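Two complexes are shown next, each including subunit A; its partner changes from subunit B in the first to subunit C in the second.
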Partner chain A sequence: MDLLLIAIVAPLVLALAMVLGLPKALARNLAYLGFALPAVIGIILWCQFDAAAKESTYAFLTTYDTGLTGLGINLTLGLNGISLPLFVMAGIVGLAAGLYALQSAAERLNHYVTLLLVMQGGLMGVFASVDVFFFYFFHELALIPTFIMVGIWGGRDRNYAAMKMTIYLTVGAMLSLIGLIAIYYTSGAQTFDMIALREAIAAEGLSTVAQRNIFGLLMFGFGILVSLWPLHTWAPLGYGAAPSSVAMLHAGVLKKFGLYGLIQVALPLLPEGAAHWALILATLGVVGNVLIIGVVAMAQRDLKQLVGYSSVMHMGYAFLGVACLSVVGVGGVVFMMVAHGFSAALLFLLATSIHHRTQTFDLDEMGGLVKSAPVLSAFFVAATLASIGLPGFANFWGELTIFVAAWQVFPTLTVIAIAGVVISAIYGLRAAAKVFFGPPTEAFAKVLQEQPATDLTWSERLPALLLLVALLAFGFWPKLMTDSINESVAEIYPAVETTVPADVARN
Partner chain B sequence: MPTELLQQAAADNHWAAIGPELMVGCLALLLLVLEIVLPKARHEIIPSVAVVGLLGIITGFVINYHTAFVGQTTFNGLLRHSGTGQFLRLFFLLAATGVSVLGIVALKRQKMPKVEFFAITLVVSGAMMLLAQANNFVMLFVALETVTVGFYILVSYTRTNPLSLEAGLKYLIMGALSSGILLFGIALLYGVAGNPALTAASADSMNFDALRVFLYANPDNIIAAVGIVLVLSGVAFKVGAVPFQIWIPDVYQGAPTPVTAFLAIASKAAGFAILLTLVTVFDGYQSLVVGVLTVMAIATILFGNLAALTQHNVKRLIGLSGVSHAGYLLVGVIAAIHVPFAVGAICFYLFAYLLGSLAVFGVMTHVSGDDDADQDMDHYADLAKTHPFLGVVLAVGLGSLAGIPPLAGFMGKLLVFLAAFEAGLYALLGVAILGVVISIYYYFGWIKAAFFPQWRPPVFEGDDPLPEPPRQVVSTPAGILLATAALASVLLGFYQGPLGAWLGLG
Partner chain C sequence: MESTQLALFALLMPLLSATVIALFLRRAGALASYLSTATAAVVMVAALMLAYGGHRFDASADWLTLGDFTLTLGIKFDDLAALMLSIVAVIGFCVHLFSLGYMHDDGYRARFFGGLSIFMFSMIGIVLADNLFMMFIFWELVGFSSYLLINHYCLKQSAADASKKAFIVNRVGDFGFLIGILMCYAAYGTVNLNELPDIIAGGAMMSAAIPLLLFCGAVGKSAQMPLHVWLPDAMEGPTPVSALIHAATMVAAGIYMLCRIEVLMVADALNVIMWVGTVTALYAALCAVVQSDIKKVLAYSTLSQLGYMVAAFGLGSYQATVPVEIGHGDGTMQAGEIWIMVGGVGAAMFHLTTHAFFKALLFLGSGSVIHGCHQEQNIFKMGGLAKKMPITFATMTIGVLAIAGLPFLSGFYSKDAILHLAQQQNPTVFGLLIFTAVLTSFYMIRLWRITFFGAARSDGAEQAHESGFTMTLPLIALAVLSIVGGYTGAHGEGLIYGTAFTQVWEQIPHPEGIGVFIKSLVILAVGAGLAFALYKPGASDGLATKVPAAFMGLTLLKESFDKGYDYYVAKVQDRFAMVLNFLEQILLAGLIIRGLAGVVGLFGLGARALHTGSLHTYVYWFLLGVVLLWGFAGGLF
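Now for the complex of A and B:
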């Protein structure tokens, strides 16, 4: 059996079964399986990846006919060195989000879990698709439940936030769809298969004008999805309103769709277009996302909005890395996407856990939580440090590699970006200090009196631990991921440079 | 006329070729006979006879889908049987079945004669099936008038409701006007193509094949050009394209909900069946046809979407959103001039539209109260909580109409857009995408009304809460119809399989 297909279909089939009326208790137990299978399959495939037979960097290739072969649309599944780490990350974050959702006290929990399973299936599909059409298709499959879940189970401003997210993200998705269709036709290959497209474009090459136009479309289309400044305003609002598991999956995994699309599709197929737009992309990323959003984040008083802004800010580093157009830069971005996936999900999870104890997201009303919840505070401090990019956590390697790559191309922007690390340290540590240390405020003391805060329960600890272990594992042993990334990136980007992330990591 | 000619004509009358239409007609008559024969108490089985009969005809049709007549003309060139025609015949049969089931649900609440509704629906769909195969202006016009006259009755069917009567009057005037314009265009074309002074003139200039040859031979004839524009305008009334869309919101609102569904689904598809035939006939005047249709398509997409944004009555909303769908389909028709697979794309789009619309209209018939014209978006509050089944079906239907992946409507839009891209219609494509983005707002607004927890004005003591029509219990046949439409919308999004192959996309 094709494990990739199982990883995608299992959550979807379970969701369908739950819609059709599986008994509640049974459904909940099966849902654990639905969230766990993709993660387990991801790890199994990771172990097999090195030894597996590969065809143009892709391993585990299989093709299914869905009835549109005549138009060059086939469900082709496979993984290469870029998609493999993201696939595994999607599995693990999905498992954590699922575990967290199943223990939550959400109203109509079964519906919530059903939609989450659909989202999970879509996420696995995004990173397992070799066919560009299905890559887009699965993204939308994961995106639609997001809107619904924000609207129904969201917090403050959920109606407005859901509407805003829907419109922004639909525009972004539409723009990128047009870009992808444009590639489909202008390449002359008349197929959406990534491998065939690469071969066709390598043989024919696209005109410079076409490359520039299409890359522009893709850059802004994907950019909206990744919250590129100034098109980011949906993100803090949406994440602020989204229920925790949805924010974990969206900020952690689904948002990476745009970056993944830029790396896997846009850059290799449209190198001249990318060169044309690189400076704009890097400037928007560094000045807009890192600097401006960083400053905005410093002024936030709402914990969940703060985490949302910090997630937007870190995307700036990714844009900088993409704009380097080098093997090192791209490798760094892949590493950072994985690391950020874990750390953003962890932060959203912990922010909600804090909210359960303080009944507020307002930083000024919290304080002194460390006494009653030491484990929670330890987790939160660790997650904050990871998000800042301290050595020992995976984020460090991603950001470091990006800075190394960017230094050669955009020295000034790199300096600003590094200054951004300080900004994120300021707001991250300030938040940790306000929530956990110092004496409790009057308002919070009152809440504590009514409902004494408990420490992180095991049902919350388990998903948090899962994410933290992953962060530390990649932080201390980056080679786990870099080998496979190097191999694929070097083959897809036959660029001048041959320095690869592993070299940086070793030095 | 000499007898040999008559004999020859008779030999060309392959009655078997229009077997399905004949059976639909007989079924309509059978219903009327049953009304006379059966005692009053047993009249409620007559609608079921209609539905069962239609299902039987559909089964027979699917079994004999690949008839030997495909690719031939019969009845002395009146009809041309094509693959697209076969698909559209099936489409109209399915639409009639769906509308009949909705009719059973909706008519229960009205004190109206019931049998005629089903009989007229059958006659109209039979005429539509002929329309899809017309190869001659006489055939086309007669079939089209049968459809239109049937709709005059259906639209004003609930004659106790003033809005329904108003809608009927509006539809009558607009329909008569459009028929007049169409007929005037046909007359001009007939006259000019029959002029012996011109090259390639034909004695049988109503025939599409002869007309096509004539238009090719005379590419700059001003009378022919005027005729073509008038014919296209007449058809534009039927599909509801701007600037001939004025009747849509009022008629859609006033007509009984199943009739609105029939108008939205089948009447629109019939218009596109004609358009697809006509663009090949008018091939010699391509630049003119493309010019007219392009302007129409842009205006239709923008008008439909922008006007729907502000609607609070869901029937008007779905009517105006239907206008925008006509716009997307027009883009497909323009693409079909150059790109062969665009015809398949349009058929797929129509099929997805059929499924999505049936789902949405099905939910509307269950939510609406006694006053069919008063269907406000606020009536959908908490639908997902009180009637989860209807809520899910509504979400799937609206999502499919909005073109959200992974539903069938998305695949339809994608295929049409792919065709437009291949034909190089970038400007139209840009407008269409803009339209899709705008449409998300109102479709999603409706889903929001049904799903998201809503704030309600507090009810003070002594005040009556705002009246809301009671929601109906879903009966088994309606449930089957809704579930099928929703499930098929989901499945077709994932797997196009045989349908894609049928339409030449696989």
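Now for the complex of A and C:
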């Protein structure tokens, strides 16, 4: 049995079963299974990865003929050190989002859960695909339910938000599709298989012009999907409107598709193109995402928008890391993607839990929630500290390694990026203080009178705990992840020359 | 047990205690307090065994490897670390014990003691760290513990604001610290404290930028100007926290860090450090004069004394020449000498040590006073406590005399070492530090006289009572240390130090002769005499009534920084954020996206169909694409 295939297919099959009219109670119990299986499989594969046989960095390789072989397309599944941590992260965040959705009081819960299962199946597929076509296909498969769920179950401005998200993300996906097809043709390999593409390009090499043009397409295409400034405006709006589990899965996992594409496909195949665009990418990421969006985040009054903006801001660090074009930088980005997946999902989850108690997302109408909900406040403060890069949480390692890598290449931009660490502390702690500390505002005192706030229930606590434990585990033992990342990245990326710093050699 | 295991035990026990409290003892305050205190006790035993048992070692383990970048976590346990560890462990235990009584009736005791444990873990991490990345990690973690504990009374707006301010201001300092670490790594290829001296001795290029950026971290953590504003506000935390974190240990971490990176120092950097310290010492002493909150007086006094330590480090105890081999381009080596500036590690660490004793004593004493007076913190509403709280009074008196520099008490020796250094190096700094010393005895005698003498001036003070033994015991222990802490025995056996910290103590400059006593006595007498002349135990501030202009001026001086920062945050930073947000919403959301949608509409049918508003259209396009693709591959077309 191919566990990878099960992880992808199980949620999809269950979704299909629910559409076909399973009894409601049974369907929900099976849904738990659909969310749990990918997470469990992810962890099992993680444990087996070190010992597994590898071909061109990929382990657990299997190929299925889907009838597209004539076009050079096969469903090839496998994991390498870059995709493995993301695969596991997708499984865990998916489980948390599923658990949170199943306990929520959403209308037409069965439909909601069905769509979420489809999304989950697509997500697992994205990171398990070695074939670029299916990598893209699974992304679309996860994206469609996203739009529908935002449009139907969303909050304020859901129609406008859903439309804007759809337009932006479709354009982004189209641009990257054009880029991927261009690689398919210009490489002369006539295949979408990553391993074959890498070998073909290593042997032949693409012309510099082709590399530059294709990388440009991919950079902006994938960039839109990851909310590269100034093409980010769909994100805060979309996340502000999205129902919590969808925001968790999209901001946490699906958004990483773009970065993953850059790291796994664009950079190794188009090194010259990447070098050409690196400075632009780093500048947009640091000045745009980190600095400008960071400052914009400070002005937010709506908690969910704030979390959305903070998610956009942190992508700037990832762009900086990608632009370093080095093992350290890319490794840092993978770490950051995984960490951000957990922390962003946790923040969206908790923001919704706060809303249940305050009946508002307006930060100026809360306060003093710690008194009635101490566990919720502990979780939220922990999630905030994780996202602002406090050591002990996974995000810290991602940021630190990116800074180390970036200092060699873009020292000035790195200084600005580090200033972002102060900015995120300002808006993060402000939000925590406004929601939880100090005396309650008048408006919130009234809400409390009508409906006293309870602390985090166990059904909310469980998914939150899952994410928090993951953040702490990687925060304390980064080796859990870096060992496998390092091996793959070092093989895929040409070894960076280790030069003795000039100052040391001199007297 | 082996040295490494013992050190790991001391490091990890508090983490274990904090974890157990967070997971299982949230509602069991009493149990949590016993667990945390017991942990502090075993940590103290382990630390003293390490320090006095002759364990000196280095150990490290790779923690993260990506490409050519490897981050290690390790322990560098030399005399300096041993000294700092002993201070942290001993004061830590005293404060835990004191807190058993002080926090007995607090509803959130478990959170408080959990916070103390997590602080002990983080602080010991800084002390043991063998490289700058590791130090930075624990540096941030003590910042977090400080945030947690300042915010203990988190339903008070002022506590919430103070904790936020402390964390953010520290992050501003850490901004420079981290850049400094990255520059150091880029320049020398390592940030390991054991490897750096070899590379420097090998004749690597030195720059003032690296030590000064690293110093930014100390400016934040040790609350030097201009980042000193968070420390007075941090007094919103419970008093034991102020004693442990915001007086004795964490705020001194900046000085410890400077001593750790001494090899990186160059003359220009030391000069800047000296002036920052001197100005902070003077400024804070001036501010302390006009405070009426007992904890605020002590907070400004802490700032001032930290300034002393920073200045001491900057003054440098001696300049040494070190023989090196200088390589030539053709591969031959030639013997030569280079000048190395040596910071005033001895004097700075000496004052750090004695200050930890007497300032922890003063803060815990003030805690005892506050507890006895039913949470009254205004010294003008106290009075007459000398008789009602005899142990607190006696121990606090020792603390006051120690900080004021009465001969034969600990503060006398350490302050004199610094003044002696200043006298040799820089007459202006010497003058300013002498003046600061006069101010110190002035404001401390003021505090002492108004608090303990005269008639009780509030109900709280009227009903004051001596605190229980868990609170008086640490006071007595710290009072003893404040007396004997000055005998370092640099030329032989130290009274309480033995020969454990010789490497540090031998760097203390020793003034000779009777002049030292006279100088100190004059300083003490002038300060105390002025205080006696100006202040009578009463409900009003003597300076405000007798010399109102001076009082107003000093108050203005104290407020100027807070006002300046408030103005910056409200009028510059927040407005800038609002303007950018406005642009973001209008320009991007309004114009560009509409424009883009238009472009897409022109080019793509699919997007235009979406633009009509139906999401389901997208699903159909997707399915159509899938059918077409498979059809094409299957040879249908």
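Note that the second predicted complex is superposed on the first by the 496 of 507 C-alpha atoms of A that agree within 3 Å, B and C clash if a C-alpha of one lies under 4 Å from a C-alpha of the other, contacts with A are read in each partner's own complex, and residues count from 1 in each chain.
Methods note: contacts are C-beta pairs under 8 Å (C-beta built on N, C-alpha and C of every residue); 3 or more make two chains touch, one makes a residue touch a chain.
Remember, it's a predicted structure, so these values are computed and weren't measured experimentally.
In the superposition on chain A, contact is made by A:171 with both subunit B and subunit C.
Of the two partner chains placed around the shared chain by superposition, neither subunit B nor subunit C is touched by A:277. When the two complexes are overlaid on their common chain A, residue A:371 makes contact with subunit C while staying clear of subunit B. By the touch criterion stated above, A:140 is placed in contact with subunit B and with subunit C alike. In the superposition on chain A, A:405 makes contact with subunit C only, not with subunit B. With both structures placed on the common chain, the touch criterion links A:100 to neither subunit B nor subunit C.
Contacts of A:380 after superposition on the shared chain: neither subunit B nor subunit C is touched. Legend: residue contacts after superposition of the two complexes on their common chain; A:479 is shown touching subunit C, with no touch to subunit B. Touch criterion not met for A:60: it reaches neither subunit B nor subunit C. Between subunit B and subunit C, C touches the greater number of residues of subunit A. Residues 67-71, 140, 144, 147-148, 151, 159, 162-163, 166-167, 170-171, 174 of subunit A lie at the contact with subunit B in one complex and at the contact with subunit C in the other.
Residues 341, 392, 395, 399, 404-406, 410, 414-415, 417-418, 421-422, 429, 433, 436-437, 440-441, 444-445, 447-448, 451-453, 494-501, 504-506 of subunit B are the ones that touch subunit A when the two sit in their complex.
Of all residues in subunit C, those touching subunit A in their complex are 26, 62-69, 71, 133, 136-138, 140-141, 144, 147, 151, 154-157, 159-161, 163-164, 167-168, 171-172, 174-175, 178-179, 182-183, 185-189, 199, 202-205, 326-327, 573-574, 576-578, 580-581, 584, 588-589, 592-593, 596-597, 600, 604, 606-607, 610-611, 613, 615-616, 618-619, 622, 629-630, 632-635.
Residues 19, 66-71, 136-137, 140-141, 144, 147-148, 151-152, 158-159, 162-163, 166-167, 170-171, 174, 177-178, 181-182, 184-185 of subunit A touch subunit B in their complex. Only residues 67-71, 73, 140, 144, 147-148, 151, 159, 162-164, 166-168, 170-171, 174, 230, 233-234, 237, 292-293, 295-296, 298-300, 326-328, 331-332, 368, 370-371, 374, 385, 390-392, 396-397, 400-401, 403-405, 407-408, 414-415, 418-419, 421-422, 425-426, 429-430, 433, 436-439, 478-479, 482-483, 485-486, 489-490, 496, 498, 500-501, 503-504, 506-507 of subunit A touch subunit C when the two sit together in their complex.
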